[in-house]
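Each of the two complexes below includes chain A, the first together with chain B, the second together with chain C.
On to the complex of A and B.
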């Protein structure tokens, strides 16, 4: 019996090691359903969508989350898609919120539900350059609700402008900070450019 | 050493097998995630930019955005709302329904304030309640509702300041360096994290005490670095503080506000005294006295009183718009309005216009008989901070300050006004620096 108990502990330890190496598999909860083509896309519906992703975490290269307000796998090592944690990264969140196609030549509106695991073809730098049929650059001073500010490494969407001249930005920021609405000064920061999505209907 | 018997070997093998199987089962259960389905959350939020300072005769349209759980059909909320308005800051509110417009870029729900109310010499105060008609969920904005409504005041004979076209490229050098640290984790070093792909983060905020001591929030190493003239000390906080803000309190304690909307008060030795969540979902700036500029209310809320934390409801009830007796309203990219209050009444105001867009107001505080404002002029590819010292007759002093920084900081944490000077936090590939700019302001 003593040998059984001792080896039980070793076995549990071994299983934990293998579990850590396999990483998380939140993506096992995700699906690959087709997007729903939409004829409308309003800025406030996009606010609804991005706002619901708050607290759901950050995953480099990711684009899948649920709506339980908890990051199921926080603080993964950064810049590793293989961790398969919950949440989008900055460009994945923007791609899904902006209802874009995985085909960069299409500018239609494609509604991806939260658990649909899709990141889209664009990096933050791609958005900053206005790559893709649905995207374009805008003068930063004119950027409004659900337009975005992008740098070579990051993109965040304008949730609303603010009294002191900064913006409330909805963004998937980093593993430690997750996805949330933060007050940022990207608008006046020359590292960032203004980006918009064609096709808003209200 | 005793030779193992068959029964021991069998027991051990069974133990390893049971442990591995048990561990895998436990791991599978934990990695399945807490919620495998994307159930629609019962959430509601609102957005609003208040007209804090209004010009005489200006029509006032209050605009609100309503944010609900995303709908399966991808359409916006089926919402409605009521605004409660009164002339001045006392008396009963009149209630009006919000109208629902076709466009949501500036807020889909709106109300035109009656001219008699908008033109009141004491201004007007208001709050709104917005509802998701599909679920019945409602939200008040500002979050204090009738207890702490938003206040709008008229600009009384404002001093006009025209900045014109901003000329980049002539920043003023600082008068001195108050603190410096190279990157690292040793004494008098400051932590650097991140990568070229993710961007770098370093010290996210700082404060300057009345005697000139500089407190740098070493976010990566989880400590305060304190330079008191020639003396330096590290004060460990026991946790990292990515993109957090910091304020030094007069009793030697520190407040640290983190990216998860949690305010922590630390003793002078770095021991944690208390922890409190903010009332609203987003913060812009932390100041002394645990005062926090919070959104979506767009009000300053004290998070502590007499050294003890306030509950979230208490924070909401104590919300106010003026800070350091100064009201700020960045009306548009081309116009910034400020007013200085005495008691509850404006005594001086300024209307600053600029042909070059103006970004955020980093700081607006009185010094002597003047008010110091730090804002940022920007184009799509350039930006610089603009320092204005505003007096009775307009700009008493004006200069530019370089804005580039190698790492990201808390949003409104680049400047502090103390000890008769303006201090700026800046980072370069070599390290972090706090520089001092002398002001031509009689103290």
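On to the complex of A and C.
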């Protein structure tokens, strides 16, 4: 009996250790390289960048992914930064796609590679209010390609402006739905406002 | 206008001013608004942040554009004034969301004082899913200032946050998460911060101590 209890204790300890390690997974592949300061930033290039992040998953507070079109760790618990899975969250994807600086007073163009683990200082609500030197609010009716719609809790970028009132939105939506392009009606949703990035060069 | 479009002298001047204004550690004598900083005797080197319950507050100013349709016009608003920080906290009618406005200097110069940030937190079964870290504000000496929510444990009367040379105490009010601030443990590059938090009961007896690791998200 004593041996059984001892083995049980060891087993429980080991299972706890592997559980903790399981939450330090994808980020082991990520890096903290400096961003590359760019003189240009086109909406076409931003579309390509966000499009390439499709299928790479969603991670609350994240901003690191590869390009294998698979979410390495889907369906983590919601709103847990410690799960360290693949993908950005909505504001992290926007931050990287819009080539922003981690310093909110800087409005230059900073290219972040996919595996550079960076989220940026802004939440969806910050974007919604146009906070940060590179960001501003725009009228929803004029929001165009790679402008965005943001609410208090979510932001998605306009990939293609569609007919019939909606838009094709590229967004990191949730653990279960990942990062993808979805048809959304944020443009007519009163919870959402239009936001944009200063400094497009084309 | 962002720093990237400014010429060199202005940021250099800001750095020099910040360096000249930096204060050392030690228990401060005053809160941000100039009133004397009281101490809670059982907690050595403590400073009690002032708090009050407002029946109404102009929450529009700091939560521009936020969806507040679920917030009652007479919702209680908790205002806190600490050594370097100033915030208000309120909740939606059904308690599913908690809002905070964070005070300080907006380094981008886009928001008029006193507010430099605002957050919205989602609650599930009465608890916040995420501490809603905010790292965009600076204090009056232009040093980074981080704000986050702390959920009080049962019987908690005070939330203590270790600062440089003292413990800042925030009282638990109106059953809301407590908005705390710190100038320590901030990693701006990665939008993260670590808060050294100790929770005390109303008499100042220690209940629980933890390192709250928070990241900007969502």
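As a working rule, the second predicted complex is superposed on the first by the 180 of 202 C-alpha atoms of A that agree within 3 Å, B and C clash if a C-alpha of one lies under 4 Å from a C-alpha of the other, contacts with A are read in each partner's own complex, and residues count from 1 in each chain.
Basically, a residue touches a chain if its C-beta (ideal position, glycine included) is under 8 Å from a C-beta of that chain, and two chains touch if they have at least 3 such contacts.
Computed from a predicted structure; not experimentally measured.
Colleague: With both complexes overlaid on chain A, does A:104 touch chain B (first), chain C (second), both or neither?
Modeller: Second partner only.
Colleague: Quick check for you: in the superposed arrangement, does A:35 touch first (chain B), second (chain C), both or neither?
Modeller: Neither: A:35 stays clear of chain B and chain C.
Colleague: After lining up the shared chain so the two structures overlap, which partner does A:194 touch, if you call chain B first and chain C second: first, second, both or neither?
Modeller: first
Colleague: Decide which partner touches more residues of chain A, taking chain B and chain C as the two options.
Modeller: Touching more of chain A: B.
Colleague: Taking the superposition on A as described, I'd like to know which of chain B and chain C A:141 touches: first, second, both or neither.
Modeller: The first partner, chain B, only.
Colleague: Taking the superposition on A as described, I'd like to know which of chain B and chain C A:130 touches: first, second, both or neither.
Modeller: After superposition on chain A, A:130 lies in contact with chain C alone.
Colleague: Answer with first, second, both or neither: which of chain B and chain C does A:157 touch in the superposed model?
Modeller: neither
Colleague: If you stack the two complexes on chain A, which partner ends up touching A:79: first (chain B), second (chain C), both, or neither?
Modeller: In the superposed model, A:79 contacts both chain B and chain C.
Colleague: Which holds for A:91: it touches chain B only (first), chain C only (second), both, or neither?
Modeller: The answer is second: A:91 touches chain C but not chain B.
Colleague: Could you list which residues of chain A make contact with chain B in one structure and with chain C in the other?
Modeller: Of chain A, residues 78-79, 151, 153-154, 193 contact chain B in one complex and chain C in the other.
Colleague: If you look only at chain A, which of its residues touch chain B in the complex?
Modeller: 1-16, 18-19, 24-26, 28-29, 36, 38, 40-45, 47-49, 51-52, 65-70, 72, 78-79, 86, 99, 111, 113-115, 139-141, 144-145, 151, 153-154, 159-166, 168, 173-174, 176-177, 180-185, 187-190, 193-194, 200, 202
Colleague: Which residues of chain B touch chain A once you look at their complex with the stated criterion?
Modeller: Against chain A, chain B makes touches at 8-9, 11-24, 26-27, 31-41, 43, 45, 47-50, 52, 65-71, 74-77, 102-108, 195-199, 240, 242-243, 259-260, 281-285, 293, 295-296, 298, 328-330, 333, 336, 357-361, 375-383, 403, 411-412.
Colleague: Can you list the chain C residues touching chain A in their complex?
Modeller: Result: residues 1-5, 63-67, 97, 106-111, 117-120, 122, 129-130, 132, 134-136, 188-191, 213-218 of chain C touch chain A.
Colleague: Taking the touch rule as given, give the residues of chain A at its contact with chain C in the complex, in rising order.
Modeller: Those residues of chain A that touch chain C are 32, 60-62, 78-82, 89-92, 101-108, 117-126, 128-134, 137, 151-154, 191, 193.
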